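Across the two complexes that follow, chain A remains constant while its partner is chain B and subsequently chain C.
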Partner chain A sequence: MSGHSHWPEWIYIGVVVALLVWVGAEAWNLERLVEHVPEDAKVIKVTGQQWFWTFEHEDGTKEVGELHVKKGVPYKFEVTSTDVIHSFNIHDYVVLMDAVPGRINIVWFVPFDEGEFPIQCREYCGLIHYNMRGTLYVEDDA
Partner chain B sequence: MVLELQKPRPIWYIMFSTHHTDIGLLYMILSLSALFMGGALALAIRLELFFPGAQIIADSMTFNRMFTVHGTTLIFLFILPFASGIGNYLVPIMIRYKDMAYPKLNAIAFWMIPPAFALVWLGFADFTWNAYAPYSVISAPGPAADMWIFGLKILGVSSILGAINFVVTILKCKHPDLPLSKAPLLAWSFLTSSLIILVAMPTFAAALLMLLTDRLGVSRFFDPAVGGDPIAYQHLFWFTFHPEVYVLVIPAIGFLYEIIPRFSRKPIFSHSSGVFAFVLLAIVSFASWAHHMYATGMSFTEKTVFMIGTLAAVPASAMHVFNFLATMWGGRIKFATPMMWAIGGIALFFSAGAGGVVNSAMPLDFISHDSYWVVGHFHLFVMGTIAFGSFGFLYYIFPYITGRMYSEKWGIAHFVLSFVGAVMVFFTQHVLGLYGMPRRVFDYPPIPEWIAMNQFITIGAMLLGIGAAIFLVNIIYSSAKGKPANMDDPWGLGGKYYYPYEAKNPHHSH
Partner chain C sequence: MVTTKHPVMRNIIGLFIVLSILIIMPSLQYALAQGDEAGEYLDRRVVIWNLFFRMMTVAFVIGAVVSGTLIWLIWRFRESHPKATPTKYEGTGALDE
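What follows is the complex of A and B.
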């Protein structure tokens, strides 16, 4: 290397690496917690197909395009598809999981606010991808 | 031919030539045509999204075809050929050889591109530039999809041939007096990006064949009903295309390594750290491909491995940024057009990298994935860094190619409009993604924040469009009527211009 001093570069690289290690460690820890599905979570089977969502509750009742859940109850989604890849997304609850034919992917959440929240598809799936929408209704049982 | 002030020649002399500067010129002309065609699609997409509901585009299928061809065109027909153009022009000169190692192969690699261009545009496929299975197998309409597959196949072969040529030229044909370690960083950027192509490209080539045979019904690679796996396609795709994003960006970094020391009137802060960072990037670029697939249902361990692999690539990019800033530090900087683009490009490169770190952090990617955030993220790279570096370099090399000067005033106007436009468009797209808007949608629900942000983005895109129009007029007018350039020192920086322009047009001596 040329004659000038290189310590500023080393300090800078050190700071960058430290930041990256911090981001990585935090992300690792958070993801570990987020992926831990509670034992008592109720199962909802989610099926994507061109271009709508079907939901099947534990008691066998089915809903299309609408999903009714109870506030404060943990739910475990088993997500799959019957045709192409879709992505099941409730953005307000950071629920995002690809619906892949031949696979069952798991994602879970606890709704903590009453109200209506949009459900949408986040993976391109053709003609009506833009309108592959639904609504989540969170109701209070008490 | 207006493009050459010194010794004009008819255009077919250039078209049938195998000389590296002529092929370089052809690459540049083709890539700029692609830039304007793909850019026009982008403006149409933005106008469509100005309001919710259908605006100027008749139906969603047309819209889907437009963003597919937009992405394909700008990545494969603008960015890559533009870099090849500059590489052809300058790499042999920089390593002091009379031409590329294989001139005929060079011409063949170039002439494979126009037919591929035609296949992509005449087909107008709809399955996005990723062509994910099984949509691309069972749902995407032919013959558009098949034409895209053939087009990309041809482009892949062309890119491999070009890469072989660069590697052999640099390693085998360089002047014996020039040690490899002392070769200019622009030459190093072509060496490393070509090596990445050679390792990365074959898996996508395989994936394309598998798509084709699956579409023909003679195989079922991606069909889960018979034991195939659609996710396998994504691994094959991203094993090529995550490294490929570094193939796109490394030459642009090489451009900045030419411009910045020149206009700072100082040598590069550290040549060896630049070489080291290029080589490091080329290696670690292979450790992160599945960060595009966190949401496909990967296990916690897999996600962790690819997150670490992705973060590991950041220090190398950060070293380049340091090298740029340390070179400018204390220099007598001349803020001419090429330097303005370089500085703007560094600023956007830095922001883009910061957003990339957010995507790599697993839990955060479940917020950003396949939303407008990702669109903003990679456009800060492809437009903000790579296209900015390319524009800067085009202005830089313009006097060398044409013997004339471009208009400085309009060059700066192009830059200012583009910088403001890029910030308006791509930063806002990040925020729009946080608000949950998915990418690749023809229409969206009338949520007030979404409408406001979409309109702001479209206005920014119009600024980029106006800038591009100014650029087009400037280069066409200036190459015909611009002031003759002082070929030894076009910007009055003191010292000699790097490149011996006499190396061009060897045929004229006889």
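What follows is the complex of A and C.
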């Protein structure tokens, strides 16, 4: 040990540790909030297969390549796949979840704005991956 | 109870106690206190962007401080700086051997 003072180094270490704790706490907290599905969320089963999306509502209604939802209503997506790994993505609502064969992954969201929004596959899944698209229609219930 | 007699260790432990009280505990309290408001739905777009924005702000500030410190160190401790003092080896020939 040399004779110089060590307190600047300990302050540096303290600041770094504090920042890491803060970053970890913030990220953990947000993940907790984002994964907390509201109890009144309506379930939509999302199935990806080469190369289209199928949606099944709670009442059994099915849609292919398009999805109609109500503005302001929470929806819980149960995402799966029948063949290879896809990734269900609604870019405008920051919804992104892998569709994995034999597994059901959960993601939820609330559409706050009316309109049409693109749905796409975000995991390369074969020849027509680029065209594995759909449309989300958000309608006002009022 | 802190029983160490070494002054440096005592300072370090004291520093971490202060840090934990000032930063870690409020962070945990803040994190655990949120998220169960009934009837209110969070907007993923907003909360995710906000987190990204905060993290980027911190990252850019740290980047600026570290880069600034490096640039200042290089500028201040260059050999040709007017206030540069020679090391005890310079001029003795010890470095030429």
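Here is the rule we use: the second predicted complex is superposed on the first by the 125 of 142 C-alpha atoms of A that agree within 3 Å, B and C clash if a C-alpha of one lies under 4 Å from a C-alpha of the other, contacts with A are read in each partner's own complex, and residues count from 1 in each chain.
FYI, a residue touches a chain if its C-beta (ideal position, glycine included) is under 8 Å from a C-beta of that chain, and two chains touch if they have at least 3 such contacts.
Since the structure is predicted, the reported quantities are computational estimates derived from the model, not experimental observations.
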First, second, both or neither for A:L30, with chain B first and chain C second: both
Winner by number of chain A residues touched, once chain B and chain C are compared: B
Touched partner set for A:Q50, first chain B, second chain C, both or neither: first
Which superposed partner A:V110 touches (first chain B, second chain C, both, neither): second
Contacts of A:W7 with chain B and chain C, given as first, second, both or neither: second
Contacts of A:V94 with chain B and chain C, given as first, second, both or neither: both
Partner chain(s) touched by A:W22 [first = chain B, second = chain C, both, neither]: second
Common interface positions of chain A, toward chain B and toward chain C: 6, 17, 23, 26-28, 30, 32, 34, 92, 94
In the complex with chain A, residue positions of chain C that touch it: 8, 11-12, 15-16, 19, 23-24, 27-28, 30-31, 34-36, 41-45, 47-48, 51, 54-55, 58, 62
Chain A to chain C touching residues, read off their complex: 6-7, 10-11, 14, 17-19, 21-23, 25-30, 32-34, 36, 38, 74, 92-95, 109-110, 112
Complex contacts: residues of chain B adjacent to chain A: 60-61, 64, 126-128, 132, 134-135, 138-140, 224-225, 229-231, 267, 269-273, 295-297, 300, 303-304, 307-308, 311, 314-315, 318-319, 322, 326, 357, 360-364, 366-367, 369-371, 436, 438-445
Chain B-facing residues of chain A, complex: 1-2, 4, 6, 8-9, 12-13, 16-17, 20, 23-24, 26-28, 30-32, 34-35, 50, 83-85, 87, 89, 91-92, 94, 96-98, 100-103, 105-106, 118, 120-131, 133
